[in-house]
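Next come two complexes, and both contain chain A; in the first it sits with chain B, in the second with chain C.
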Partner chain A sequence: MNQFTSVHVIYLLEAARWTLLLSLIALLGGGILGLALALARVSRLPVLRVMAIAYIQIVQGTPLLVLLFLSYFGLSLAGYRLDPLVAAGLSLTFYVGAFLGEIWRGCIEAVPRTQWEASDCLGLNRFQQYTHVILPQAVRIATAPTVGFMVQVVKNTSLASIIGFVELTRAGQIVNNSTFQPFLVFLFVGAIYFAICYPLSVASRVLERKLHVAR
Partner chain B sequence: MSQDSSLAAGRPGRDPDGPANASGVVVSVQNVTKYFGPLKVLDGVSLEVRQGQLVAIVGRSGSGKSTLLRCMNGLEAIQGGRIVICGHDVGIGRSNRAELRRDVGMVFQSYNLFPHFTVERNITLALTLVKKNTKVEAARIAAEVLALVGLADKNSAYPEQLSGGQQQRVAIARSLALSPQVMLFDEVTSALDPELTIEVLKVMEDLAGRGMTMVLVTHEMAFARRVADQVVFMHKGKVWEAGPTAQVFAHPATAEFAQFIGTGL
Partner chain C sequence: MTYKFDFSFLAERWPAFLEGAWLTIQLTVVSIALGFVLGTLCAVLRVYGGGVVRRLIGGYVETIRNTPLLVQIFLVYFGLASLGLKLGAELSAIIALVINVGAYTTEIMRAGIEATGKTQLEAADCLGLSRVQTILHIVLLPAMERVYPALSSQFVLLMLASSVTSQISAEELTAVANVIQSDTYRSFEVYLVVAVVYLTLSFLYRFGFWLIGRVLFVRRRRIGAAI
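Moving on, here comes the complex of A and B:
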């Protein structure tokens, strides 16, 4: 039986880079999709609203695990053999987009209606209202729930191990299989997750304070 | 209401009827009907505001006066009649909305300043985005209108750092900066204590003195009586009584208006 050594530590840290990369893809892809969905949800066009609601309901009602199976195994049956990273990245984007879309929709609607009226009366068009008046205020409201959800997503990237993707949790399992020191290995794995998530929470607090001062 | 009878109604030197020619009509409301669901909130309302006039719309809560003002600016759709303001037909969709916004300013009860911008940016936002003024021009105009409302030193403050009265004066300055032809005031002092109310009313009186055409919905009867050229009393969604201020206050034609000014509401 192997001892838990620096080799394992380096292996886990390297795997953590994949966890970070998946989280980044989820945040960027899901963020872009989420913004589009949030804007569609509050659109004046009923067709956009209905499509966004349908998408959000379906994806929110589906486990991330099932999305991963669908994009990896399902698409490969259909002839599209996706790299595990691509499959995991796509699944996370679709998943995170649905949740961020709904969170941000709530934040946009939390900006008082009177802000729309005041900016309308000053002659701003709808695009200018969004970019200068509504979204900047919605961002301040959205900071805490968005970061809270992102912390969840960082941890949910561990599900990508199910389609053969060796990220942090999967790497922990592999190391444990060879060292058989589960407490040591998984405490170390947990510490790395914490090291990724804690700065996010701190950044959220700092950002909130900053945005609050400038309001 | 204990109103000093020696206070003359209407402002000195201003003809309560405004310019005599018909082209002096800035706001024309004709037989307007408005429903909230099954509830008829405006019932055949007609009124006219001429260039340079100050018209006060008064009445009890729920009489439809705020709704009427919001309809004038297209914030609420009307179901019947016609509203023409500065030559723009408000009833016909949003196609002429940009021109309407250029000519009509509005100030709200709850100020509605943008909390994430400084006072100056609140004022320059529409100047740069809508009127395409340069930053330098916009800053100059902001300084000008802030001086007019007595807040020249507050341009870098954020709204939450100001009192309600100061915020409302900034809101007036923000609207004024776009040089509108007519300004609508929707119960702009209703959220303020008496002291702050006075400073806002003072600004409005200054504006009126400069010849700005103004329509205000107000509960400040003393102010209306002293400054307004015309008073419109609304009751149950109708213009119940209207006319030159001195005349309607001295000789209320309806029991409802007599009772209304009698109770000082």
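Moving on, here comes the complex of A and C:
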């Protein structure tokens, strides 16, 4: 039987890079989708609003694990090669998009009404209002909750292990299969997640305090 | 390439889905109830306890909130077993879920407790209530009322997250689905059905929590305003 050695430690740390990459993909994809959803959510067209609400309700009411299975098996139905990274990236994008969409909608709506009216008076069109007046202020409000939500994203990438993508949790299972020391291995895996997530949690709190004082 | 959707397995298997949903309800209601008690207790100690206790609970909350549920479940199920404490899959699942939701409840309830008005506490003092009486009769229920929306949506999230316990073969909805899809080879359709069941469950839970809120918070029911 193998002992848990520095080789395993290095293997786990290397696998953590895939966790980070997957988190990044989810944040980028989810960020783009989330922005679109947030804008649709505050749109003047009822159709867009209803569609965005329906999407958010459905995705937020379904477990990420089931979304993961749906993209994994759905991709194969659509005739693509089964690639766990693509399936995981896709489902995380759908998932993160729904949550960021709802968070960012709140941030856009938190920009005072008078800002809309003032920019109206200046003759800005809707697009200019967003890019020059509303979004820059909304971004400021959104920073703290978004950083806080990144913790959820990093933690949720652990589910990709279930469809066989070798990120941190899956690597932990593999190491455990050869060392039979699950307590030690998963404690270490948990510690790596903690090392990634805790700074984000702290940053979110600090940002919240700072931006709150500034207002 | 065209794919023909085939939901014919439903004709035979629909009771299994319902049974799976029932198992998930049982698993999560127990976990939520116990987790709520644990979290409320920790929140009270976090606010009113001594320095060491506060720090310990702070550490517990931060540890749980910054690590994935899946790893927590593996630690309880495989980790404890390797240390000689063999728990069944269901018990391990419940323990992990309780510890997890307990941490989130602590943080949410703490916010509610800390928002208690100073005058409320002074009034309780004047009435000669003891510390414990004050917390039980003055602080807790209004604190819960303040954070009830956050609390109930956290509980719905836990219900959805409980799908992960299928990975240690705890019996619940996703585990049932895994069996059905390996029997029928209709993976996509099976998980589509499961998604609909979870969606229904989450609406059911939200409605349930709304009802509980109506019963529990008399003031909100009578004058339609929160505190």
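Just so we're on the same page, the second predicted complex is superposed on the first by the 192 of 215 C-alpha atoms of A that agree within 3 Å, B and C clash if a C-alpha of one lies under 4 Å from a C-alpha of the other, contacts with A are read in each partner's own complex, and residues count from 1 in each chain.
The working rule: a contact is a pair of C-beta atoms (placed from the backbone, for glycine too) under 8 Å apart; a residue touches a chain by one contact, two chains touch by 3 or more.
Predicted model only: the values in this text are computed from it and were never measured.
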| item | value |
| --- | --- |
| Chain A as common anchor, with chain B and chain C clashing or fitting | fit |
| First, second, both or neither for A:L124, with chain B first and chain C second | first |
| Chain B versus chain C as contact partner of A:Q115, first or second or both or neither | first |
| Touch count on chain A, higher of chain B and chain C | C |
| Partner chain(s) touched by A:P63 [first = chain B, second = chain C, both, neither] | second |
| Chain B, chain C and vertex chain A (Cα centres) - angle in steps of 10° | 100 |
| Partner chain in contact with A:S204 - chain B first, chain C second, else both or neither | neither |
| Which superposed partner A:H132 touches (first chain B, second chain C, both, neither) | first |
| Partner chain(s) touched by A:R140 [first = chain B, second = chain C, both, neither] | first |
| Minimum distance between Cα atoms of chain B and chain C in the superposition (Å) | 23 |
| In the complex with chain B, residue positions of chain A that touch it | 112, 114-115, 117-125, 128, 132-133, 136-137, 140, 211, 214-215 |
| Chain C-facing residues of chain A, complex | 58, 60-67, 69-70, 73-74, 77-79, 151, 155-156, 158-159, 161-162, 169, 172-173, 176, 180-183, 186-187, 189-190, 193-194, 197-198, 201 |
| Complex contact set, residues of chain C against chain A | 1, 3, 62-63, 65-72, 74-75, 78-83, 160-161, 163-164, 166-167, 174, 187-188, 191-192, 194-195, 198-199, 202-203 |
| Residue numbers on chain B that touch chain A, as the complex places them | 73, 75, 98, 101-102, 104-106, 108, 110, 112-116, 125-126, 129-131, 158, 160, 171, 174-175, 178 |
